[in-house]
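Labels run A, B and C following the written order; every chain starts at residue 1.
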Amino acid sequence: MSKIEAKLSELGVNLPDVAAPAANYVPYVVVGDMVYVSGQISMNEDGLILGKVGADLDTQAGADAAKTCAISLLAALKAACGGDIDRLVRVVKLVGFVNSTPDFTDQPKVINGASDFLVEALGDKGRHARSAVSAGALPLGVAVEIEAIFQIA
Amino acid sequence: MSKIEAKLSELGVNLPDVAAPAANYVPYVVVGDMVYVSGQISMNEDGLILGKVGADLDTQAGADAAKTCAISLLAALKAACGGDIDRLVRVVKLVGFVNSTPDFTDQPKVINGASDFLVEALGDKGRHARSAVSAGALPLGVAVEIEAIFQIA
Amino acid sequence: MSKIEAKLSELGVNLPDVAAPAANYVPYVVVGDMVYVSGQISMNEDGLILGKVGADLDTQAGADAAKTCAISLLAALKAACGGDIDRLVRVVKLVGFVNSTPDFTDQPKVINGASDFLVEALGDKGRHARSAVSAGALPLGVAVEIEAIFQIA
């Protein structure tokens, strides 16, 4: 088991298999040492995490949803690494989209659910540049969608 | 005529000239083998494709609008290639913004209008990472805006 | 003083120190010659620039807010360059998010506040690819958030 997966296991996280693409886009594209991962929507073993933060979910529930996006990003990263996620050099950048009410202002606290998890799981390799904004709405009504760029060896 | 343009012609698509920039930004920037293309707004020969998907346009009309963005992205790519679009290695990533009602949930089906067209026109080179979200609103009231990163040789 | 900072000084702009990150993300990540800068929110010496463009702020006030984001982006760039901002090769790309009413349509004019300033300060190195969209809402209620990619030597 890789070091990163051992740490994830300690944190109670097992990376899911990457879903087969449902359309003419793919979960990730590798260019040189950069991995571009498609936007991952909030979901867990019970299914999609739906709703507008600020109405249907509070900020903490939004942060929990954001963490699930980060787990899916790592699952895609592992696939991009041909299974060996220890090839990760660092998380370069996240863009986090929150499905919120128009007057919601705690997007950073929501996306911290992903950022904090990445640093907990990956250490300094997990620190990244980031934007956190609200979308007008998100696919299937999910609470959070996050895309990422990673650097790998 | 290039192979890609011959295929586009079969599909009834002729790439328009790239509009001169209206401001201090440019249609694309090339860094090494990567081309960053500015967000392209939905338009066709009749002008801008306007409105909110979920209210003024249905999902299929949104997908048709997204296809026009993809055509404009390819037009910018051709210009970035100095006219020879066959230098394309692959489409790396799209970010698709849909102008929708706050409860719209079919952003992926809308942006599929671009993704499906790119794969139809470019084959496997057209497969890409992607995020699909709703914006709160879009420039001039257009229905869709899509930005892209391409890799070229 | 660097050439770029001398020009900024002529324009009445002094780059602020980069705020220490408040969370597990960082102001910028450098990968090779590319600098990915986190989304910068509108603020000046008097504090955050808040409100929805189209309701609380007009388009010109939104453009003024966007300029402050660009100043913060350059401050982060300077830090990424180890203090020597003259290492800038060019501004590659901006994504500008406007906090607006749902029917606002002048996102490009708002983000021009950043684009025009970058070209005024940096000349041709300031020209960039760009997307300009409205977010559904923004952190702390700010009017504008802009992220950027720069190329450095």
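Please note the rule applied: contacts are C-beta pairs under 8 Å (C-beta built on N, C-alpha and C of every residue); 3 or more make two chains touch, one makes a residue touch a chain.
Please read all numbers here as calculations on a predicted model, not as lab measurements.
Trainee: Which is it for copies subunit A and subunit B: same residues on both faces, with over half shared, or different residues?
Mentor: different
Trainee: What rotation angle takes the CA atoms of subunit A onto those of subunit C? Round to the nearest 5 degrees.
Mentor: In degrees, rounded to 5: 120.
Trainee: Compute the distance, rounded to whole Å, between the mean C-alpha positions of subunit A and subunit B.
Mentor: 25
Trainee: Which residues of subunit A are in contact with two or more other chains?
Mentor: 95, 102, 134-137, in rising order.
Trainee: If you look only at subunit C, which of its residues touch subunit A in the complex?
Mentor: 22-29, 31, 36-39, 52, 95, 97, 102, 134-141, 145, 147
Trainee: Sort out for me which residues of subunit A touch subunit C in the complex.
Mentor: 34, 90, 92-95, 98-108, 112, 115-116, 118-119, 126-137, 149, 151
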